[in-house]
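Handing you this structure, nothing more for now.
For clarity, chains are labelled A, B, C and D in written order, and residue numbers in each chain start from 1.
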């Protein structure tokens, strides 16, 4: 169903899971007296998400924190999100099985110690330039961009490169 | 009509088109729970736009995104803007023809893949220091400043230098 | 009472006092016409505070400025805070005595001239990378991170390292 | 009246004039749909202003732009300000004469072309690290800090050093 091209089993990414604070956003929180928090993301990353969705990659967001769903919907990204997550691996496993995917088809972008297990399991993984040392150790790709400042876009371009390889490998076999 | 000064056809810039997200603004979007987004630009760039307008250069803004017209008017820049643009080249062509200009009289500042065609066509073009690689390849001038942090001002100074050359070339011919 | 492990009296940190402006926050204040100020802190630092609290370290905040208590409570850090403080040393002395601690059990993170005395007295102290020169002179540890951008998290990791040393020294003696 | 200490006429600074956008603030303007603009300054600079005022230096703010007086008063700096200024030199001249000062007693912090004349006239002058080239050429002191990120504090420390020299020179003559 997802196209095997030889023994190495190169696979297309079908799901990208992205941590909210510090990956989608900068992890900087702006607060004022009205108890409302302001987060910051980058148009480049929103564009990256849209490009992934166009190519059939589902993008989902995950957070340990109690992120405001109103704030997330204000970003108009069209991504499902799960917040207040105690164990990220558990949630990604649930998503993976629901979508009938193997781990090779899952990409993961995380920046924290709580992301380490998912970073190790995912077929492709990345950590922003300003991610924590434990996360950077657990991934094969450290972005040049910081979280909330282009890391998703950068990772998306890597995923597209892989997908081109998968497709050209497929064509060779035909 | 706009003064030819020899075979090389040095021409004054009559229109500067500038992408909104990532050129006029930083491309960073600040969101809070009230669905209202906050953008950031630089007083230096507003000054650059005012200087261009004083010297007779029309400045227009363009965006793929559904930028809030209220937010744009809050910047008090006095620039016409077209948002939700699917094909930027089409819009700039329309503007160029309406104003009776040739491409040599058009300057363009862009940072994204959607700006590449316009960057190539324009008589003068520039890309902010943090513009995407595809845009940087398509231009002759990469700014030292980032988008939303002085890139317009920097490009304006370049345009003024060209205009001085055009004028002094004109005087020599008289 | 808190476990002496030989003559050197290595002690666990029981209280971390942290200056608000420039340590917990960036020290950047965002103001608009409605007299409301916006401050910025980092999710990494909030995580650092939570980790400290889990390990039994009390975290308290201190400021010379009239910080808004509403803004502080919006950060949901669960820390006691004292603002409008003319003499920080006096307040930290009061806290130290109330908790029955010696200075070796107090850690202090500060960035300003008003923090110098506390930085010198505390058993462990640190200053963010962008702290003032006088504060940096008074401490043994200058963070790689700026204030409001990871300095607390970085200092917390140092405190955990010390606490591991204290514990392993304790085990050797048993 | 202000203490001459020999022919070189070392004088105490009695007035510091500071440009608002790009010196007191970063020059970054944050806008949202409600036409309200948000500016950003640094607690370090507010502290610098307070230290100057304590030592008897009057601090005044100046801007070409129509800065909101509500926003300025939200900063609680206790400084007189003049906005919408077409010719800064004219305003500073007026202030200087009202206070009965000579130019040697005036310090000036500016970042723009409109500040060049004042930078040249003032007894002491400085330009933030990110000030425009024309302003940097016109001053003897380029700050390490950017505008809105410590430049006033840095300049204040320089002024204090001068004032100490003036005072110690005065003592030698007694």
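We adopt the following convention: a residue touches a chain if its C-beta (ideal position, glycine included) is under 8 Å from a C-beta of that chain, and two chains touch if they have at least 3 such contacts.
None of the values given here were measured: they were computed from a predicted structure.
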{"item": "Shared interface partners, meaning chains that touch chain A and chain C", "value": "none"}
{"item": "Cα-centroid distance, chain A relative to chain D, in whole angstrom", "value": "47"}
{"item": "Inter-centroid spacing, chain D versus chain C (mean Cα positions, whole Å)", "value": "33"}
{"item": "Junction residues of chain B, two or more chains touched", "value": "30, 36-38"}
{"item": "Set of all touching chain pairs, with the criterion as stated earlier", "value": "A-B, A-C, B-D, C-D"}
{"item": "Sites on chain B touched by chain A in the complex", "value": "21-22, 27-38, 65, 112, 132"}
{"item": "Sites on chain B touched by chain D in the complex", "value": "30, 36-44, 46-47, 68, 70-71, 73-75, 148-149, 153"}
